[in-house]
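In the two complexes that follow, chain A is the common piece, with chain B as its partner first and chain C second.
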Partner chain A sequence: MAILLIDWVGAVLALLVLAAAPLALGSSYIIGVLTVALCFGIWAASWDFMSGLTGRENFGHSLFIGAGAYAAGFLNVTFGLSPWWSLLAAPLVAVFFSILMGFPTLRLKGPYFALAMLSGAAVMQNLTIIFSEYTGGQDGLNGLEPLLDPPLAQYYFTLACLALTALVLKFIANSPWGTILRAIRGDEASCQAAGINVTFYKIASLMISAAFAGVGAALYAHYQLQVGPDLFAVVLSINIIIMVYVGGMGSIYGPIGGAVLLNVLTEVLRGFSEYRLWVYTLVLIFIVFFMPQGLVAPLWRRIRAVTR
Partner chain B sequence: MIQILVYGAVISAVYAMLAVGFTLIFGVARILNLAHGSFYALGAYAVYTLTAQAHLPLWLAAILAVLLVAAFGMLIERLLVRPLRRSSLAVLLITLAVALMVEQALLLTFGSEARNVPSMVSTTYHFAGVDISGQRLLALTGGIGVLLGLWAFMQHTRLGLAILAISQDAEAAQYMGIPSDRIYSIVMGLSAGIAAAAGVLVAPFQTVIPGMGLLPLVKAFAIVVVGGLGSIPGSIVGALLLGYSETIIAFKVSIEWSQIVSVAAVLLTLVLRPAGFFGKRAAF
Partner chain C sequence: MTALLNVRDLSKRFGGLQAVKDVSFSLAPGTITGVLGPNGAGKTTLFNLLTGFIGFDSGSVEFDGRSIARLAPHQIVNRGLSRTFQLARPFMGMTVRENVEVACLAPRVRHRGTPRARAQALLEQVGLGAKAEQLVDVLPYGDLRRLEIARALATNPQLLLLDEPFAGLGGSEIEPLANLIKSLHRSERLTILIIEHKLREFMQLVSEVIAMDFGEVVAIGPPAMIVRHPRVVEAYIGTAAIERTAQPAEDGLGAL
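Our next item is the complex of A and B:
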């Protein structure tokens, strides 16, 4: 789909709402919730770029997130480098892992890629616990420095990174590159028959996806000021997939909306205390059942169709 | 040495019971069932409720627990999974949602503290210098019994043959008049029942907590990948392999490293021989 004027208007409006939200709501707690939501937005968009476009579901996105976050933690805490180096190092380490995992598994068809990514993340989670003298074990690495001092400044920096991520990923997705990725999703065998090096495109898009996940991880680590083995957890990967599904797969902007929406929903549901997860799961079942295309992306398509 | 042999056998039997059901529902209906671990947890909690609260005799409680969980599995298949079977991601998410709901429901009704289930056999056997509780031996023999029963059922009954036929070629089986929807339901019940039986057998010597289904799910998953997705003999071999290597590493190295065995085995299998030991290559 070509990007129309209405899309730019929508993107700017969404940015303005996100920029105004902490000013209007004020409290530092809300700023924290929104910063985390934006990090999830980056992760969801980067997941969607690889898996939503090529149809290869990645069940171990947390591998890239954890690797990036620990890279940030080691550089900042163990070696005492400035936190800004994390923004470079985290994506590099994440890309390294994407090559490591992508080469053996992406040439295979079927669910193997998903399973290998899932177990790769689980192996790393166990390794952080086994080598606890370097990684801090269950407690992880503590005492990271924030990127920017007032949390509000860090929020706006994260927002800028999210906007950049969305712009770059959407741009690639709309280029001939993106068309090839969608063609792989449609029919891999035909792509090969047409002379497209399918494996190259899949691995390259996994590398791009990992790089942005790494950026999000660095931002998250320097906001939480702590990294732990939970960043490798399968639950994190699955949460991201849920956000993408709710947002609408393959649209890049939808997953960001899904991430913000579900993070805010979890906060709103705090009122239900112990029934919170029940309600959350019910919402999930409802969406999977009645909105198989997701929530955010189809809604936007409808708005577009009206204004046209 | 003997200790490793016996404990490894018990663990392998429990793992095999979990993995067989997991691989069965994948091989037949192509459902990666993330709620499989919650069937195991439900089995343990059902036997706890029926004995400690309803005061039924233990053997009756065990049978009832297995039947109840099997019925629950069929219900889930009919209500939630069947309408979504076109999309594999939707099925994954819905089974995940079921797993979360079950865990939360257990947490809300029973609380987070561990529950105790009485042993079915109270004697402790002394065997070549090793003490082993009767309950562990019961888990071992029960596991072998269930697996043999399943094998006989699959090979020697019309229903079992129909299930095999569907797993080999669903479309051709349908042309032969096998009602695939009903078979999927039965297989889901069967797989849930076997998982529940594993939960019932280990409940006396495992900590019964709401989140107890997660780890077995990961293990079942690993075994099934190592043995080959959809292959029952493969999952039994995989269970023996993983059960023993975990026990050996836990005894000789440390418990922490034993946790990594299953996931590392998955990675190695996927890189070296993705179809697993007994899986058909490029079957899906």
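Our next item is the complex of A and C:
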């Protein structure tokens, strides 16, 4: 789908709202919530680029996140390098893992890729416990330095990274590359019969997906100032997939919206204290039932159609 | 004239089933050849072997003077050998034009003009120009067949393999499609290998027929000779002819 003027207007408006939100709401607590939401936005968009477009669901995106975050942790805490190196190292390590997982599994049809990613992340989570003398075990690595000091500065840097991620991924998704990825989702055999090297496109897309997940992981690690085994957890991968579904799969911008919405919703629902998860789950069920295409992307398509 | 496709002793076994056995034939450039045989004769398997979707056990396949054994399907397409599928397999959720555009992105043809314009031109050629912006999901079956052909043509093949292009089409749709295939053969100087059940369309289209049964080639020759060949009558027509006496003609067999 071509990018129209209205899409740029929407993107700039969304950016302005996100930029103004911490100024309007003020507290450092809110800045923290929003920074985390933006990291999830990067993760959701990067998941969507590979899995949303090709339809090969990745149930272990946390493998790339954990790998990137621990790379940041080791460089910064163990080796004392500047936190800025993490922005390079985290995506590189994540891409290394994507090659490791993608080559054997993406050449096969069937559920191997989804299962391998799921178990790959689980294995890495356990390895962080087993090698606790290096990884800090359950406590993880502590004492990471922030990238930028006032948290607001780091928030704006994260926002810039998210905007860049969205721009790059959307640009590729709208290029012939994206057409091929959507064709792979439609029918792999037909794609091969059309002369397309399906395996190449799947692996390369997973590498791109992992690279951006790694960037998000570095930003997250240097905001939380701590990395732990939970960053490899299956539940993290599942949460990202839920955000993508709520946002609208295959649209790149939708999942970012879904990530921000669900992170903010979680905070808003704190007022419900012990009923929080009940309400959260009910909202999700409502969305899946009545808006199976998601919330953000279909809504935007409607706005587009009206303004056309 | 040297053959465009040279197949020698091609064999494939699936467990206990010899799907294709010692198949040999060659195709001269610019010809339309048919592959005839009852269900399970190994016709589609033969196509899958030639196009790299299934690896063969033994034998050799030479295309345009070079072996294409053990090449991946997309590599074979980029050598100039394309196929359609027996059941149309469009890219759901995409428009008709995007469906063809994907094939315009194959390395072999990527630099021949903009994919978008090429896709549109190909759609005009197969008579789908007006439906280019429709979602493929709502396309009627007859149009899907044309789309399959447009997508295969987009890769600029020298040899086009059509797997039952008339399957599932109504009577009024068959002749226009046959005419399309004939006109493509002329205008694109294509060599075509075509699997078909419906003998009437076959007889008009093809200059030579490869008759198969139980994975083996039982006869090769012009269509008029093939339909009278004893092995073909026995394998393909014989049993059906017996059924026909009990039951009025159906399918293409009635055309015999």
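Note that in this section the second predicted complex is superposed on the first by the 308 of 308 C-alpha atoms of A that agree within 3 Å, B and C clash if a C-alpha of one lies under 4 Å from a C-alpha of the other, contacts with A are read in each partner's own complex, and residues count from 1 in each chain.
Assume contacts are C-beta pairs under 8 Å (C-beta built on N, C-alpha and C of every residue); 3 or more make two chains touch, one makes a residue touch a chain.
All figures in this text were calculated on a predicted structure; none of them were measured in a lab.
Contacts of A:S119 after superposition on the shared chain: chain B is touched, whereas chain C is not. In the superposed pair of complexes, A:Q138 makes contact with neither chain B nor chain C.
Of the two partner chains placed around the shared chain by superposition, neither chain B nor chain C is touched by A:S28. Of the two partner chains placed by the overlay, only chain B lies in contact with A:T105; chain C stays clear of it. Of the two partner chains, chain C is the only one touched by A:V198; chain B is not. Legend: residue contacts after superposition of the two complexes on their common chain; A:W278 is shown touching chain B, with no touch to chain C. By the touch criterion stated above, A:T179 is placed in contact with chain C alone, chain B being left untouched. In the superposed model, more residues of chain A are touched by B than by the other of chain B and chain C. In the superposition on chain A, contact is made by A:D187 with chain C only, not with chain B. No residue of chain A lies in contact with both chain B in one complex and chain C in the other. Across the complex, chain C is touched by residues 176, 179-180, 182-183, 185-187, 189-198 of chain A. Contacts from chain A toward chain B in the complex involve residues 57, 104-105, 108-112, 115-116, 119-120, 122-123, 126-127, 129-130, 238, 241-242, 245, 274-275, 277-278, 281, 284-285, 288-289, 292. Taken together, the chain B residues at the contact with chain A in this complex read 32, 80, 83-84, 87, 89-90, 93-94, 96-97, 100-101, 104-105, 107-108, 218, 221-222, 225, 229, 256-257, 259-260, 263-264, 266-267, 270-271, 274, 282, 284. The touching residues of chain C, when paired with chain A in their complex, are 51, 53, 72-74, 77-78, 82-85, 89-94, 98-99, 101-103, 105-109, 115, 151-152, 154-155.
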